[in-house]
């Protein structure tokens, strides 16, 4: 998909997102969106597509690192609960509690018993949030291994993307199939009536973002909500110019 | 400045920023960058120019809201100290402790005594951070009132930008001059040898971003630092494709 | 009950508590004890009886104040979840999530719908903690209104206790009966197989404390666990005495 | 000193402390008290003497454990700053930032350079707090090594106190003299006009507590402040008694 076509298509959706965010603030909604999926599928880009035009004080992205030792000893959901939204907030989870059923399971960072317990608890946990009125959306982003390989290689070679490449990503290349099976079990156990999963094809990332954002907007109720009127009278003087005292701006970057 | 010219110029700088971030991680630097300036000058865009290619787990943006009642009762710097970086981190402050000498002073949210005390304490406070080894950079972004008016009007009229327009922004239109005087006093009191200010002209925001990023890179020591070698062997099978069980991806967004 | 009799009885129990805490640390238990009950029943004294001989770094008391505005907008359990124990910790809740079914219901701080939802969620919430391996004990401390009146009057008149007397305590005097009904409903809905309540008569507070501590110890599994051996060789010199330079200790408080 | 004599002497002081706390709340004071001193000197008991009659929601004790890896990378004072009081609060530090000049220096947990830097920064750091209006009191509790040995041995032998005995305590026995020298340097560098140290002899712990509490009260300004009047009308019915439904209180602990 061409960049300019993508931009033409995403812009009106971002306008809708801005309207949705206003509605969430005015009506006090709490919105949680989980982004899970294949490594390199494009979670980061999808999150940016949702958030980039929103007020960062209202829409937070949560990307938790490795748990600390204290966190490892706590109730598994505790460190995620801490980041749930208050009235009017939108929280985007870049990976989420589902780590336990994905990377932790496949890479052996959690025991079978821990994974089982997680899969048992998660529908109940999510039901509590939904019953409390939180709007929860769960997206899983898929991509064929060929695409994954391309993107991993790009991360390896592009200096701008090299930091995205972790040793775990590389170790996970042999486990594409194990991830597929883990995903299937996760879906079987946690695709519930009250908190369903939505799968999105991210073989084409731009198209995937459009698909995801459109779906998210369609799932939200009608969120029309006019911004408040604001007075914007004319200044009663000519606009002032910057004047500097002892300290001056540095020289501008030269452009032609 | 044309968008494509901007992109051609910023991209190699972002590559340098990525290298700088790797250096910061490997050598355990702590970097703090403050973004202050006129309303609408373009702090948000400048922060994005610095951060967008960096690992969000390493480079955090801190944009504090109104202090809570408890925070108002604490030592003024306390709520900012909480967000200072640990080893290897880069923290970008979208407004900072200098609020007290800017908006709080001009809009009367802080008493004269509080502003005085702040201006007295800030050089000492910053000296402690610098002596502790933190690399601190302070940018102030300027723009003529004509540009400010244009941008405020754009925020009023563009649905994507309307949320950026706060009643305080409007109330501040009459105080352009008071802000100038507040800035001059702030510079006089807090432009120190150990923590100097850098003023950047943001009448052209793209040029301003280039000027700022170039300056930031030039102020940092030589940050060459090769990424670690990584093995990337061929897969020993054909790449797999996504296969789905009961739950399928939703239909892709239609593109031509 | 006489103070010296109480002390003779509580001391061996506190020794058992210390042993229990060692066991919890060594075996990585997480223990949560909720203290609920009538105003003035003696929650604070019971908590002190449990905690005073324990390592404050291991055994924390959590007494949350009024929720902040942000907390009021969150999932009800969120601010409590934050304080749940990690491996080896003991957390004593001086009032707990049950506020919603007690004071908030009786004093009208929560809506009927909120109370209903709370009573619906709490068994599920507690089941998740228990299934995660947390040891949860719930105590409700009762006292006749006559005792309550005596103790309120004492708080009014004793300068050392005056701060314990809140306007809510006084407003609640007319609602003894409403509290009884609220307690009965709370028990009917939340006295579960996996997280049963234990009621303790605190008409005599010293006896109540002995009853509660004995019960808590009896509910815990056999917690024998010898402390590690430690070498304690003789010093190879005469013990040294404090010597002071320029600054000397202040004069001792005069005693006969 | 006899226990009953101690109790007769401490009680009126605790009444003064309660009055002081009321004054702090009403006038919005922020009070910080640091408790440093020899191992086993009696910091814990002194803290209890100050705090036990106060509202735990107003008077907090802060006893920080080993820093986490993140904290070790931060500005040294950062994790302490987090616990400074807001309006009306009293914070008692059971050990404090002075760890760096005491145990960390003597046991080699901090480098010479780190200790030097700490001793350089601390007067400035404390000046900032004082200038901000915080009332800061610093106590150092001394005891001869003979007492220390007695108390260590008691911790070893008394099951109630065994947890207080850490391997570091034992390793520190050979370093009594090094601690003396470290204390002298700490005093020389940090006993300032604005934040002076007070040394208290804790060879007799009860007497030490009386000395310390008396001194603390004497250093505070006149803190008379009457509690608000409260209405306490008679009940308009006989006091009610506890009545229980299905679930009854457990049997009382048998007393004669």
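Think of it as A, B, C and D in the order they're written, each chain with its own count starting at 1.
Throughout what follows, contacts are C-beta pairs under 8 Å (C-beta built on N, C-alpha and C of every residue); 3 or more make two chains touch, one makes a residue touch a chain.
From a predicted model like this one, the values you see are computed outputs, not experimental measurements.
Trainee: Where the contacts of chain A and chain D overlap, which chains show up?
Mentor: For chain A paired with chain D, the chains in contact with each are B, C, in label order.
Trainee: Using mean Cα positions as chain centres, tell me which chain lies farthest from chain A.
Mentor: D
Trainee: Once you find the CA centre of chain B and the CA centre of chain D, what distance in Å lies between them?
Mentor: 40
Trainee: With chain centres taken as the means of their Cα atoms, state the distance from chain B to chain C in Å.
Mentor: 45
Trainee: When the centre of a chain is set as the mean of its C-alpha atoms, what distance in Å lies between chain C and chain D?
Mentor: Chain centres of chain C and chain D, defined by C-alpha means, are spaced 21 Å apart.
Trainee: Report the residues of chain C in contact with chain A in the complex, numbered from low to high.
Mentor: Touching chain A from chain C are residues 28, 30, 70-78, 81-82, 84-89, 117, 120-121, 124-125, 127-129, 131-132, 134.
Trainee: For the complex, which residues does chain A have touching chain B?
Mentor: My answer: residues 1, 5, 9, 14-15, 18-19, 21-22, 38, 53-58, 61, 63, 65, 94, 142-146, 148-149, 152-153, 156, 159-160, 162-165, 167, 170, 173-174, 176-177, 180, 184, 187-188, 191, 197-201, 203-204, 207-208, 210-211, 214-215, 227, 230-232, 235, 239-253, 255-256.
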